[in-house]
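Next come two complexes, and both contain chain A; in the first it sits with chain B, in the second with chain C.
Up next is the complex of A and B:
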């Protein structure tokens, strides 16, 4: 009987997943359809907390699709510094020196302004299904809402997180929780998303908290003050010209 | 005359420092303002004796906001310490028009690529060694009065033309003083003294190719064509070459003295837990200069700049930099620690130590080179 029980449980799980009639790829497609916008503008802030207190960075970001983003800091300490993301390349602009720095490779995983977000976290990782093999682990109830529990395994080397777990709200298609792991399975970062509001027919989390699992008393909160999903973006906004403007 | 100028300058600096704390609160909504105050105390060696040099520098930045096609920027620096002075390192307007943009005022253009040594920087010149403070986030920040036209050619290519009617201020002429001479800009400008040039920047796959020409008509009358490449192959790399051909009294036998080459490598390693380690190595090569140690002149053919920077936490950084003159085996070494403890506040300490004989590029007993500085910087 002891040998049969796990088999029965496994069959039950398979039956449950079959009944849900949705694949992991379809869930990710729904997440990306909800998340990715063709012309987006966000006014936001990032609060970095550690044992000495907190530091606030404010920013404006523009995005088009999954792999184009321009972010400009507006707080006095970093005012005018910009990050431009185009596919797997990131450009940084420092206005005081009129200098453009091109980041590639491991530098993409460097922390942004001492926060728990890396450049890749801030500017997105591009197409999830191109980069990760996704597996549906099951359904879970979180805060009274049905969630899909997914596992993401990197298809190629060099990604910031070789393995991730994600929990997707089955109604809004918002990823409300995500854990990122190293290749050896060590927990690296925990992310929670909340304050989900409907904007232009899409569900947008207005609050994100990222904790680095390796550091005590450290977290970064990101808040969206305003968001426009049908922003009137100039056609050449994702360019060197705009970066150095 | 100079003493009277200095008195007026001193009075103005004191007034400006006093006003800095009040100004930001009263500015209109269309202006973004910030103030940077840096207080420091240095112990340094001057004329064989040890001196203490405390000082405070305050910078006011005013940045226009609200118009996405017009930008105005103004920066005022003031200093109170061993001397008192004010400076306007940047004051410019940028206007974006259909198909191009214009810049006019006192600012900087960054041609070529390189942190310390950059042969492609034919406008301001970044091939000479730095003999002073190595603590800055940027070590080359000279500005000049200029007009520029920038024409984008796609997302990552552009052409830029620049004109500098007053040329580039000669740092040696300023004798290391903080205050710019206000009268230097009022000298008569003749068309034949105009400095200017044009550059094109093009992306070829993952490599950026930059080429251009600059004619310096005022301080050193020279034609300066250059070529610069930068890209990424395991590490970030850059390579630039420029030749400065005198406009008058040409002596082609000395052509190798006109040539300057710079090369650089940079790599950043993420060690996890937000710890990062970065390495940089740059070289300035003057093929026609001296490659053997000489007693006087010290116009050597090779200088190196290695840097190792380590950030054990998000808020703490350690940096070791050196300027090396391999020909005479002398070095200027610099160690700095910086701690961003609260929002906008950095506490720092720098130690600068030269190693070299009495006739080397860097001499152990050279004035101002041996220094220890502690200070704080606050941006609000």
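Up next is the complex of A and C:
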């Protein structure tokens, strides 16, 4: 027994050390593994609150992997409008427009429907490790749960957020908080995620609140009404030809 | 012999001298007459453009619109604007009542994005205000309800686009969401106001409403009156009418109270008054200088008439009359030439497009000098008076000199 106890303690210590020895890259890889789905369909809503009151926009979004996403608005005012993301390209479709709008440059950072989300925020940001150098700043306890506190610094120029801070739930690998900063360190956006539910073996936040620090008294609350991670997506749904149908 | 006769004879006798003195007065009065007409035309043009293009004489908006104007708050609109237009149109002294919807857009063309300012208008009613039909340089006006628009010449040039082509606009709608629509460009318009030619386009107000998801709503209703001086009184009348309609959501403003526009006009007027004053003083010195020089030249003559028994008072009166006659005739001719230059230019205008292009002010590219009868008559009397009074100083001095001394002078 005297021999076993130190062994157990040593093993515990090794386990603890190995646990805390997780790298920032591994944390991000876990986050992306949990987040990215091959055939996802979401029915959701956005409640935009600002000085003029609140407005609700509803949508259906489809995603396949990290670089294909289609979002279609279903609320009466914007019914039929679509946003398609293919890798780094974003296209907009309006039922009454005879051409598809190819968003470029700074337009990608424009607000979607007057919300606190930009087109880039809304349609995903691509491979994080490709774009950012990540550093683990430490561990923090948030609402009784262990979180990893990461710092992300842009590897290249031209990204919407040159610097970000993220807090990752160590158990679910869900990013529960993120702050985005400009190159000069000015806070640009704050995001919080909650109501995490397990869906098809993955952890999905059903509630996101985004605040654009550049806008006064403005916030956008996004809610997922239903989510299917093994959706039967129509073929070619993520194509420009299908977009105009 | 009567002094008046002698004065006339002197003028005829010294023709070259009289001509020199008169020419200075002619040039000065002609220039002042034209300058006054130009300033009157400039200020009148600016005022007219502000009223026709921006504010009307009276402007009606939602009470919350002005405060949030930078955010293009389409939801803070004049709801049921047709009722408001109908009511105000029935009032006395009203020339036109026009609804307008102003909005900002991104214009997509050949994978490039441009910025533009849209105006939803009632083209028929606007014939009284912006006179769009008269400014059309290519194509035709858009049809009500159709997805059609006209572009300002500067914007068409920037987009490299002609009438008959299509373009897609993207804008924020009334619900703060996005709207996109493709429009046929039916015409190109060269607005009278240079500032409007760079970024504006117009479409039927019902088409704009469909694009912006508005329903019988306009961002403003403008009223043009027969007499601009009645604007304040009409504001009170409009407030009463709107109160009877139960429209406490609307605010009414006279054009003189809209932003800093009227202040700008008053400021410009003051600046021009200062210019005019300086010019007047310069012209006065020319007249005074010439008149005095002519009298000082005639010291020997003064000595002679004094030696012949003319009293100092008569000498002063004689030179005063000479200066008065020359002044009056020359001022009359000067004013006449000034009027003769102004009148044709008042019809054809002076092209100042090169100066006003790109200037963000409601200035026309062609300015029409406007003859101001009051200031023209004033210029005539002023020039005559200055010339006559200028004779007093040297002639009084000369009259006091002893005949012998005066005869010694060269």
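Please note the rule applied: the second predicted complex is superposed on the first by the 225 of 245 C-alpha atoms of A that agree within 3 Å, B and C clash if a C-alpha of one lies under 4 Å from a C-alpha of the other, contacts with A are read in each partner's own complex, and residues count from 1 in each chain.
Note that in this section a residue touches a chain if its C-beta (ideal position, glycine included) is under 8 Å from a C-beta of that chain, and two chains touch if they have at least 3 such contacts.
Computed from a prediction, not measured in an experiment: that's the story for all the values here.
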item	value
Clash or fit, chain B versus chain C on superposed chain A	clash
Which of chain B and chain C A:240 touches, first, second, both or neither	first
Chain B versus chain C as contact partner of A:102, first or second or both or neither	both
Touched chain A residues, chain B compared with chain C	B
Which of chain B and chain C A:94 touches, first, second, both or neither	both
Partner chain(s) touched by A:81 [first = chain B, second = chain C, both, neither]	second
Touching partner for A:214 - first (chain B), second (chain C), both, neither	first
Partner chain(s) touched by A:55 [first = chain B, second = chain C, both, neither]	both
Single chain C stretch clashing with chain B - from 164-172, 236-244 or 344-352	164-172
Residues of chain A that lie at the interface with chain B and also at the interface with chain C	48, 50, 52, 55, 77, 94, 96-99, 102, 104, 107, 114
Of chain C, residues touching chain A in the complex	68, 73, 75, 106, 108, 111, 113, 147, 166, 168, 170, 172-182, 211, 213
Chain A residues within the chain B interface of the complex	48, 50, 52-56, 74, 76-77, 79-80, 86, 94, 96-100, 102, 104-107, 109-111, 114-116, 188, 212, 214-215, 218, 236, 238-241, 245
Of chain A, residues touching chain C in the complex	48, 50-52, 55, 57, 73, 75, 77-78, 81, 92, 94, 96-99, 101-102, 104, 107, 112-114
Contact footprint of chain A on chain B as seen in their complex	32, 34, 61, 63, 71, 94, 96, 101, 107-110, 137-138, 140-141, 150, 152, 154-158, 201, 206, 208, 230, 232, 236, 268-270, 272-274, 276, 314-315, 340-344, 379-380
